[in-house]
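As written, the chain order gives the labels A, B, C and D, with residue 1 at the start of each chain.
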């Protein structure tokens, strides 16, 4: 590799230990060459979709087009939920503070934690635990009930993937489930997790005297992620990629609208103060 | 909207001023309804690609499939440049510090600033300035030379979009330019910016006594962004969406490899200290 | 308050619900007036130390000067551990990417998570659990042993607060413990946690056949935080305030040294690639 | 250094090039030894104040106690401005999203950009430019007028350091200026910048027909930073250290209050939608 044609770079022999400190199976590079998981980037460009690229980079292999389309549906579905979502509000406020779009995006992305963006990951984990029980021989009904018990114990009344404080029925969930059903009919996925969430919805309703707590966006994208074999933590990363689109769009829109140091409420409002009454500093 | 069927939500009449504080043309929401730029989310899911969704959310309209494929090529091309890129290194180190994937992604995304991720934005701006001159009547050669002068004055020797400290020829650029040529032949784009960067390369080479400083990934994706009409700052946001894929992949891989509090260099190395010699604290 | 002299602001009567959405006991504000926990800011400035201010803002009351000095010692002790610490490395790399100092600081601060900055919080929690047992009647030796068992089960072999992969003896710990001893002698704190960590060190050594695993910076600052009554999660916040100083100093120094897009290793190094061999993209 | 007593670490001879990649005058480390700018950490702990430590780490030398107290006043003054400041709002919202305190702090700190936290840096730069003119022989009045002209041209109507959209008189500024006056009387600082801002206030008032636009927190802390010789960008870093205290306090308070995914406005509010009317997706 160190030939007269190559620039003075990339000579692992010079520092064996240091060249071994970072190790990756994702990208190989030489001057003039970039390969992702073995595929030359110039061959991937214009031939694979963004969703196929996401899969290749995170999982190591190229998915079929049908698998990629299902992942893509999940990526499209979760892009935004409006300026009352903390991530979106943060993106918009940050955009008025004189930082770059990348910074506004970062501040927002950063809060997709256990409560704001983690429900998808938690749902995938819950589905996986139920599936493991079924694979171990437990009947589906018992496995579903047990999984629900575990989730309620762990997360409280907000079972990840179900219910929504704003939408009686989350408009994104039925459509995503229908796409999974199609993919299952085509043999692209097994459909086991689509069946599972329907059983979970029934079980939840039974426990709430018939009041249905329908699948929400996190539960629905989690079905797709589970059907496609994405590990639970990686599902959170995929949600982040998706939500980044809305984060970018809102940050960009806010820069176009203007505003400086925009706080959460209109300027004529403050907050409720419930601290100590005025008192003097000792010695002042 | 406040009917017996809807939950107690979304009543702008209650707080007119506060409901007007945040304003968006991106998303409309009612309980059970989410529309993006007028399109119901359940109709978009499974019908539009991720790239079409990115375009719709940031620009306001759905692009044609051909336009979206060109954008998608740019999104695929820039996903990663390996663990020696600061953004990727940061993602990997963060992943060993006991934070969530969303946090590792955010710390990394945050540094795609003027020097690390801003070259695409700067290139789009440069192309736009040259185009404005040409549209105002200046011959292309003069407009190109003038744009180059301006860029060198503003950015120094690193003209955004050209040259690469690692790749003699950036393997991503010719492929992207070829896709633009195809799209121009099909009438999807004008091709004016592809022509412009070829002229810029020639002009740069002429100034360096024939030594070519070829188009790099930032300059090539900038051609696509400019051809498709994306404003310069938004181009940086698109680069962020793309690079987020590599950031996620590397953060995820690092969590699988393990490691705790992984620093930039192997453990047996420190840094060069060039500060004051040992001295006592007064009074110690 | 809405008098002719005040600008049109701060009129909670206009939007009662919205003014009640954010509630704080920390700060009260009117045009021309800012009070923190009841104290006018202009009386605090120049009369209270930074450490007293940190305490007032987070705990609600002004500490004595002696209490504040002990907190200050902990804040001084943890400011930095050099460019091989991920937080510091990230700050330095970020500073070469064309972002503001605030952004470099944020990317770095963000990774003070469970593994990189959480040990202090975990140690405070461990001390608190042991103290609760002792207060419930358990003899110290049993409580200490039980607390250690719990910690080992929860965190593995890295008991928070003890041992250091670089320092045989962390030079910061004995000095901090000595200050706690002084403060205990002066009646400023009880000294119960200083006694506790000595017992923990003895117990750890007994389990490792006499090989001492000494208190480290996290364990030592945790003693101070526990003695002063700071809850465990807040202890992580205090560590963040402290480490922010080193983060700022290193980011600033790096901007003065220069560098562009500085990666973790010298330029002539890459990483070890252990992924698939070169393969063609289907259809390319 | 590689003696039988030291662990296998810190052997620069093994990798000279890699050990030279990161260079710092801030911290020197060997197993068992940590020195900051030459001072052993165990000697600094309990002997220097937090403000002295901030100075030492960023500037390289220990300041006098009087210098440190003036810096400390500035650090105390800027800690917080309530939940309507974007940085504080972001900290509070983030704290309801299931991320760590360090993450909530980072998202907030990140937005102290040119508009939200940069005014202090801009004011220091403005003062420095005026001082340079005076040192070059220009009379103060002309230098002040010229500096004001430059600032108005660069920043628009918001001259950094003057005026406040909420406070007719910022309660923090007169007190800080009084402390500078004291310090000047004691010979700790020259007082030239205190005189300068009074001249700037007079000049601004003259231009606004006698309507005073008083010094604000950014302008006042900038006087202190300039008097003490801190470069302008570092002044932004100091503001970040200060504001981090309020950021931490509010994030912590919010975790104690509870709340999940708290958006900027009360739940019964949305935002104003001003985008396209409902329309069908082609092909749906």
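Definition applied: contacts are C-beta pairs under 8 Å (C-beta built on N, C-alpha and C of every residue); 3 or more make two chains touch, one makes a residue touch a chain.
It should be emphasised that the depicted structure is a prediction, and the values quoted were computed from it without experimental measurement.
*Asks:* Which neighbours do chain A and chain C have in common?
*Replies:* Both chain A and chain C are touched by B, D, going by the contact rule given at the top.
*Asks:* From the C-alpha centres, identify the chain that is farthest from chain C.
*Replies:* Chain B.
*Asks:* Where the centres are mean C-alpha positions, what is the separation of chain C from chain D, in Å?
*Replies:* 20
*Asks:* Using mean CA coordinates as chain centres, what's the gap between chain A and chain D in Å?
*Replies:* 34
*Asks:* How far is the middle of chain B from the middle of chain D, if each middle is the mean of its Cα atoms, in Å?
*Replies:* Taking the average C-alpha coordinate of chain B and of chain D, the gap between them is 29 Å.
*Asks:* Residues of chain B that touch two or more other chains: which are they?
*Replies:* Residue numbers touching two or more other chains: 9-10, 14-15, 17-18, 20-27, 29, 40, 44, 48, 82-84, 89, 99-100, 102-103, 106-107, 110-114, 117-118, 264-271.
*Asks:* Touch graph across the chains, line, ring, star, complete or other?
*Replies:* The chain contacts form a complete graph, every chain touching every other.
*Asks:* Which part of chain D faces chain A closely enough to touch in the complex?
*Replies:* Within the complex, chain D touches chain A at residues 14-15, 17-18, 82-87, 89-90, 93-94, 96-99, 103-104, 106-108, 110-118, 158, 165, 260-265, 267, 269-271.
*Asks:* Taking the touch rule as given, give the residues of chain C at its contact with chain D in the complex, in rising order.
*Replies:* Touch residues, chain C against chain D: 6-7, 9, 17-18, 20-27, 29, 31-34, 36, 40-42, 44-46, 48-51, 53-54, 57-58, 69, 72-73, 75-77, 79-84, 89, 92, 100-103, 105-107, 109-114, 117-118, 166-169, 171-172, 174-176, 179, 233-234, 236-238, 240-241, 244-246, 248-253, 255, 257, 265-266, 268-269.
*Asks:* In their shared complex, at which residues does chain D touch chain B?
*Replies:* My answer: residues 8-12, 14-15, 18-29, 35, 37-40, 43-44, 47-48, 60, 62, 99-100, 102-103, 106-107, 110, 264-284.
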